[in-house]
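Each of the two complexes below includes chain A, the first together with chain B, the second together with chain C.
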Partner chain A sequence: MRAGKKLTRVFRAMVGRSYPRIIGSNRDKSWLFYDTVLPLLGTVAFVYVYKALGAPERFIGYVIMGGATTAFWMNVMWSMAAQFYWEKQGGNLELYMMMPCGLTPILLGMSLGGLVATLLRAILIVSLGSLLFHVSYTLPQVPLFLLIFTITIIALYGLGVVFASLFLFWGREAWHTVNLFMEPVFLASGFYFPVRALGFWVGLGASIIPLTLGLDAMRQLLFAGMHPALLPVEVELAILGFVAILFILLARHLLQKMEYLARREGRLSLRF
Partner chain B sequence: MGVRAVRVSSERSLQRLWRTFAVAYWLGWQIESNWTDPLLFLIYSVIRPLGGVLILAVMFFVVARGARGPVLGFFVTGTAFWPFVVMAMQGMAMGVLADREHWKTLRYIYSAPISYRAYLVGRSLAQATSALAAMAITLLFGRWVLGIPLYFSTIRPLVLLPAFLLGIAGIVAMGLLITSALTWTSREAWRLPEAVGAALYLLCGVIFPTTVLPRGLQMLSMGIPLTWWLEAMRRGLLGEHALLSFPWASDARVLGTLAMLVAVWIIGAGFAFTCAEFRARALGILDQETGH
Partner chain C sequence: MWDESPEGMGELAVETKNLVRIYRRKRSSQDSQERQVIALDGVNVEIPYGELFGLLGPNGAGKTTLIKILVTLLLPTSGTARVAGLDVVQQAYQVRELISMVSGGEHSGYGLLTVREQLWMFSQFYGLPTRLALARIDELLKIVGLYEERNRRVSDLSTGMRQKMNLVRGLLSDPLVFFLDEPTVGLDVSAARDIRAYIKEWIREKPGRTILLTTHYMQEAEELCDRVAIIHKGRIIACDSPAALRRSAASGSYFLLTTERLSEDGWLKEVPGVRRVDIRVLDGRTEIRLQVAEDGVIAEVVRALADRERKIYSLTKVEPSLEDVFMQLVGRRMEEADEGR
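Now for the complex of A and B:
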């Protein structure tokens, strides 16, 4: 009975936290411009780089996929990892701390809300980009593609929670660190080119970021026979599954540890 | 006596402008850099541009399969100078937003007996200073690691120096224009500077020659000083080895167009800022917070 109540509380907190991200943010339609046109502009710039280089068409497909993936990475870093920093600045973090559900459902709600909103935006980016540059894809293995995507996203948001727990402790450094994790991650994970181009071992090292293997596996399915793979799809899927479990466990452990440290050192309500 | 009084008054007002500028510069630099130690700040400043240039270099090598060409020099120079736009133009707008919505100090700064424009220019140039390290390291990386044809013999100081100064003036003017727009923008004000930056990244020939763009966008890009600035910087650094967006134009024409466009944009930005300031004061929304 008590476990049932606890689960209900967790579920309600999760839905409550995801509400502003799914429903609230859609009330103002300006997101349509800022969240689709804006990432598309950056993506289009890279498409023109390949056009200037006279690259084959599949490279344009790479860039469009990379652009959509950027939306997920930005969401995880700015709206998951750094979110507690914003909440601290806004004075909400203390309120979250006092709630009887704990921080985990809040983070789950943030992930759920962020995921739904970002998925919608990523679909728009891929659709608009593909229409604009006449890119076509063949996808014979839809269930496998969806499985890879799902596991990648679970691992990615797990990583987001790991960062969120670390940033719970930080002040302005959090903002700068998130800023730092943009271009270097786009490079290491092969957002705009096959990650194999960096060499096998570098690509394997970058696999700690779930998007590296996720993107490579999805590209193998979309551009079958043409994409220089890092590892076979099945192996990448297995590694992704392992990384997802690892990040979820690590996130849970770190969240508890960092919350304790932040409480002990009195940093939870320290704004500046 | 009257003439002397006017002279003293104008000297004082110039002194006050300078003092405002200097203090704003110092403040901007502190905000920008004092969150960590200098070495970490230097590393932080150069990692993003280096990441950017490496992405482009890998894209190039993937397609060119190991061959080298003038396009690498194009990538390196564009990526080396882009941080000035991000820091000075976007930074000025973000600084105003931070003053208004985060630190909540805008009303005190604005009501102080200082020139608010001098304050904004000081903050913007402090941000631009932090882009210098990124520029230097990116160019050195391009020269020594990627092997772009950047030598003392290819550098043309008479093109490079005036172009650099004009470009910075143009970037500050664009920052002032975005700052004006912020008083008209609700809720998404934080994202507006980034949106403008992304549009300019696409339009201004930062990472590919504007000749690749559709005709309409090419025309649009020619009206933006940044396009001519980057063109002049490439000519000033790489000389004859530069891949150009406007191969038909002479150096003098590029510099002349840049100077003319910068002047037009400065006047336009000044006018837009005056209008926005007047409207914001009339409506009482100068320090209105929008990030709900």
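Now for the complex of A and C:
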């Protein structure tokens, strides 16, 4: 098959697999509550805490951004990471492994679908939150902002695939364990406050979650000069890029391992 | 999608040589000892293009294992397998371009999609342009009688409908070699009939199309397949056309006899000329399937029953079936040969 034809197929496979994700959120309207109202409630709580403490106005902006980011985090941890497990249960994973286009475009499509669906939620959260609390943003460096956002998302979904493979290998218990362990890390990521507030080293440690640095960098741009940054934007961007590549390579390695394991052992989990 | 003539891709659609597959399994999570399961034990099959080939065997015989190796989902422990002349280990990606597989009871896809959407999604994995894909989907849905349900959610389908949809999914890419793992398992009679009818039609439509189908239904193998291989404990113990297989088993005559319930039946085997006795008890009656050396022997059996004052409800001479072939080869009925029994 010619390269052009193959590329078209990769693209079509991606769009194909993203479809159920995107359409799914339209068909089952419960997400409006779970993915928008719930994160917004948490956000609102923080807003009032900050107001009561007499925190500067920009903190409200922080919190709303944090709320939007939570949506991405939830999507990656709850939908992406658990996804392989469900795909395996239904027999999809096996079918996908047999597809001539290979697993990668299908996974990309899965991420793309999740991203599109979540982007919608994030926009909704930001608009609603800003409307409720009259927050206005000034964004002088749009391209840089978008670059940071994109790299953050790539790294985040890479991490999602890594977790998805790990959970497949080690089973559902591993998923619960990691989630338990993730909760404090999630908080330490500074979703609702500048991560610097936790101290430099804790902040740096939490940077393994790509959202930490991504958020910090984006906040630096949004609240220029007022934000207690962890590191300069350029450095954060460089680290993010590195983390993104790391996760993608790791994800690729795990996928190959998964396919090999499935073909050699006739099963997908590492446990017996 | 295959443009080249099948002749350009080797002589045989499927060819395996001494195929062996051993699974390693731990007995429990604490147990360090491994147990080996020999699922395939030196399997040789040759399937020419255009053939509808059946693999018949009890549970655990190794049917699914063989299919999984051929569709590149499983590596053989030793031996080789080729599909369309391509090695399933070394040339897995090329093999995948030419095949597809549908399993019975498969729950693939996403329940929230409609039938048409789900099939479209799968068509995209083969890179089909949307317009062509939808035309093909509609056409296939009409043929299997699912067109009316095209906008129903996948989660709302009955088992039979779901299996028809899976069949369409398998055919979207116009495979050269189509693998069907128990395609009618658990289906009602009419859905199973529809699926069989379409399978037969599909293979005749275009020269070169080949099907490997597994089943543990004797009648299905007999009705559908050009050739049948009987597999038992990972070995192929017979392989021929259904008629030839039946002939090979048919030494003597076969009779089906229903009588009043027999409390004791050991004596039946002692009647001179009786070769094999196979007894089932059905609500108070006893159904006896007899293989006898020649027709005359049945008179002796009837007399012996009369001596014991047992009523005879019916007596029919029957053709030997694949069941008889299996009995002849394995010494047990196929359902009794299921793993774990």
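Simple rule for what comes next: the second predicted complex is superposed on the first by the 235 of 272 C-alpha atoms of A that agree within 3 Å, B and C clash if a C-alpha of one lies under 4 Å from a C-alpha of the other, contacts with A are read in each partner's own complex, and residues count from 1 in each chain.
Criterion: a residue touches a chain if its C-beta (ideal position, glycine included) is under 8 Å from a C-beta of that chain, and two chains touch if they have at least 3 such contacts.
Only a predicted model underlies this, so the values are computations on that prediction, with no experimental measurement involved.
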{"item": "Which of chain B and chain C A:Asp28 touches, first, second, both or neither", "value": "both"}
{"item": "First (chain B), second (chain C), both or neither touched by A:Gly266", "value": "second"}
{"item": "Partner chain(s) touched by A:Met97 [first = chain B, second = chain C, both, neither]", "value": "second"}
{"item": "Contacts of A:Ala52 with chain B and chain C, given as first, second, both or neither", "value": "first"}
{"item": "Touching partner for A:Leu180 - first (chain B), second (chain C), both, neither", "value": "first"}
{"item": "Intersection of the chain A residues that touch chain B with those that touch chain C", "value": "28"}
{"item": "In the complex, chain A residues that touch chain C", "value": "1, 5-6, 8-9, 12-13, 15-17, 19-20, 23-24, 27-28, 90-92, 94-102, 105-106, 262-266, 271-272"}
{"item": "Complex contact set, residues of chain C against chain A", "value": "23-26, 28-29, 65, 68, 71-75, 93, 96-97, 99-101, 103, 106-110, 112-113, 117, 120-128"}
{"item": "Chain B partner contacts - residues on chain A that touch it in the complex", "value": "28, 30-31, 33-34, 37-38, 41-42, 44-46, 48-55, 59, 89, 171-173, 176, 179-180, 182-184, 186-187, 191-194, 197-198"}
{"item": "Sites on chain B touched by chain A in the complex", "value": "35-36, 44, 47-52, 54-56, 58-64, 71, 102, 187-188, 191, 194-195, 198-199, 201-202, 206-209, 212-213"}
